[in-house]
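You will see two complexes here that share chain A, one where it goes with chain B and one where it goes with chain C.
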Partner chain A sequence: MVDERVLTVPGSYKEIRRICEFVAAGAAQAGFDETTIFHLELCCDEASTNIIEHAYGEEGVGNIVIRYRLSDDDFTIVMQDNGQAFDPGAVPPPPAIAKNEASAEELTSQLRIGGLGLHFIRNLMDEVHFTSDRRQGNQLIMIKKLNAS
Partner chain B sequence: MAESIVNIYVEDLKRVELVRVSGRIDSSNAAQFDGVLKEVVSRKNNVVLEMSEVDYISSAGLRAMIALLRECKKHKGDVRLATPSERVVEVLSLAGLDSLFEVYDSEATAVGSF
Partner chain C sequence: MSVWQEKLPQSDVWLVGVDGRLDQTLNPKLEEVLNELLDNDHFNLLVDLSRTTYINSGGLRCLVSAWRRAKANEGSLALCGLNSRLQEIFSMVGFDKVFEIYEDCSQARSRAKPQTRS
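Let's turn to the complex of A and B:
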């Protein structure tokens, strides 16, 4: 069983809800529970935001193509754009702030460094790959196993 | 097309600004959320965010909350959460920021904590 769907939307923040709903429908079909569907929505939201802000630099510059593929073993989401190459692997994880006495300076540092979205993607997906070439543009491939514990 | 909707109601109490937030906070409306929080912090440095009806929040929403906390801390104030939804708690935990905000199980106790 292999089912594949594709959605193309303008690179705009207001499209994020549509992207999430598209992926959530596929994830529900795959049989994921509500929490996992939320995780997949969150990853696609964060990836889309990164495409708009880092690959394209702003809204309205190019399209985002979202493709998901449901196989017997996994649910694969591919997010594609034609902006600047942006390698998620090059971004370090954000520093954890493990106390509520964090100073204003620590919070400023947290805001400046960013990378929270990528941190979510790395932690919530089973596999994450990034490829970039002239023909296909940038591709972020996120895989969730169907039977992961 | 469904767009993300966030509803924000602000109550200016004696010692605290109470902000009731509901709906979905993502990159499409985080600037709106951030704008309201900036207005709030211009009035008082102690803020309660009531977030029981927030059914979705991304890192964009979280950044607005962190920016609010930073501004409050700069002026010796604080931001406390009342009855955050499961999604809010989970996203804070995923970010490693779950101990950044004091959490209360009712709006009244959160407001009364200041």
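Let's turn to the complex of A and C:
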């Protein structure tokens, strides 16, 4: 069984809901429970925001292409853009979250440097890969195993 | 999808409720409502999330920013009514240790501080 769907939307905040609904429909078809579908929506939301804010720098600069592929073993989401390369793997986790005994001040001041969205993507997906080249642009590949939900 | 507010009776606590998804559409509205209350020196806030079905990092950022402002002015920002998915998101980034979180909003309302600020 291999099923693949593609959606292309302008890189703007109001389109993120449509991206989430598109992925949620595929995830429901894959048989994920509602909590996992919520997780997948959140990851696509955060990845889309990063594309607009970091790859394109602002709204209305370029498109976001979302592709999901359902196989026998996993559900793969590929998010593609043509902006500046932004490798999520190169961003370290927020330091306060990495500490077990962080204070409220430390936990909340981390927001100045961001990174919460990437923290969710890293923790909620089973695999995350990033590639960047001139022909295909930036590709963020997020994989959720079917038997792990 | 909406954000509403009410002053709790016989208390200096303002309740702000969120009905819908705290995402790019609703986050600016929540930020506006919280900032307006804080700008008017209402530093004791309770945010009712019992009708909130989703939150992203922008929604968290908005709540934390208001929490920091309230705390800096000797106030507080508590939360109530989080469903299990929202609870998981808060705990994933340690914010369950930052906010005072009430499971039940009626309990949170009844614990609202009596008016003490002059």
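The definition used in the following text is that the second predicted complex is superposed on the first by the 134 of 149 C-alpha atoms of A that agree within 3 Å, B and C clash if a C-alpha of one lies under 4 Å from a C-alpha of the other, contacts with A are read in each partner's own complex, and residues count from 1 in each chain.
Heads up, the rule we're going with is that a contact is a pair of C-beta atoms (placed from the backbone, for glycine too) under 8 Å apart; a residue touches a chain by one contact, two chains touch by 3 or more.
These numbers come from a predicted model, not from an experiment.
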**OP:** Name the contact category of A:147: first (chain B only), second (chain C only), both, or neither.
**Re:** neither
Original post:
Which of the two partners, first being chain B and second being chain C, lies in contact with A:49: first, second, both, or neither?
Top reply: both
**OP:** Using the superposition on chain A described above, determine whether A:17 touches chain B (first), chain C (second), both, or neither.
**Re:** both
Subject >> Broader residue contact with chain A after superposition on the shared chain, chain B or chain C >> reply: B
Original post:
Can A:38 be said to touch chain B (first), chain C (second), both, or neither?
Top reply: both
**OP:** Mind working out whether A:123 is in touch with chain B, chain C, both or neither, as first, second, both or neither?
**Re:** both
**OP:** Take the contacts of chain A with chain B and those with chain C, and give the residues found in both.
**Re:** 13-14, 16-17, 20, 35, 38, 41-42, 45-46, 49, 94, 96-97, 102, 104, 107-108, 111, 116-117, 119-120, 123
Original post:
What does chain A use to touch chain B in their complex?
Top reply: 13-14, 16-18, 20-21, 35, 38, 41-42, 45-46, 48-49, 52, 94, 96-100, 102-104, 107-108, 110-111, 114, 116-117, 119-120, 123-124
Subject >> Residues of chain B that touch chain A when the two form their complex >> reply: 1-4, 24, 26-28, 56, 58-60, 62-63, 66-67, 69-71, 73-74, 87, 90-91, 94-97, 99-102
**OP:** Could you pull out which chain C residues touch chain A in their complex?
**Re:** 21, 23-25, 54, 56-58, 60-61, 64-65, 67-68, 84-85, 88-89, 92-95, 97-98
**OP:** Provide the residue numbers of chain A that touch chain C in the complex, in ascending order.
**Re:** 13-14, 16-17, 20, 35, 38, 41-42, 45-46, 49, 94, 96-97, 102, 104, 107-108, 111, 116-117, 119-120, 123
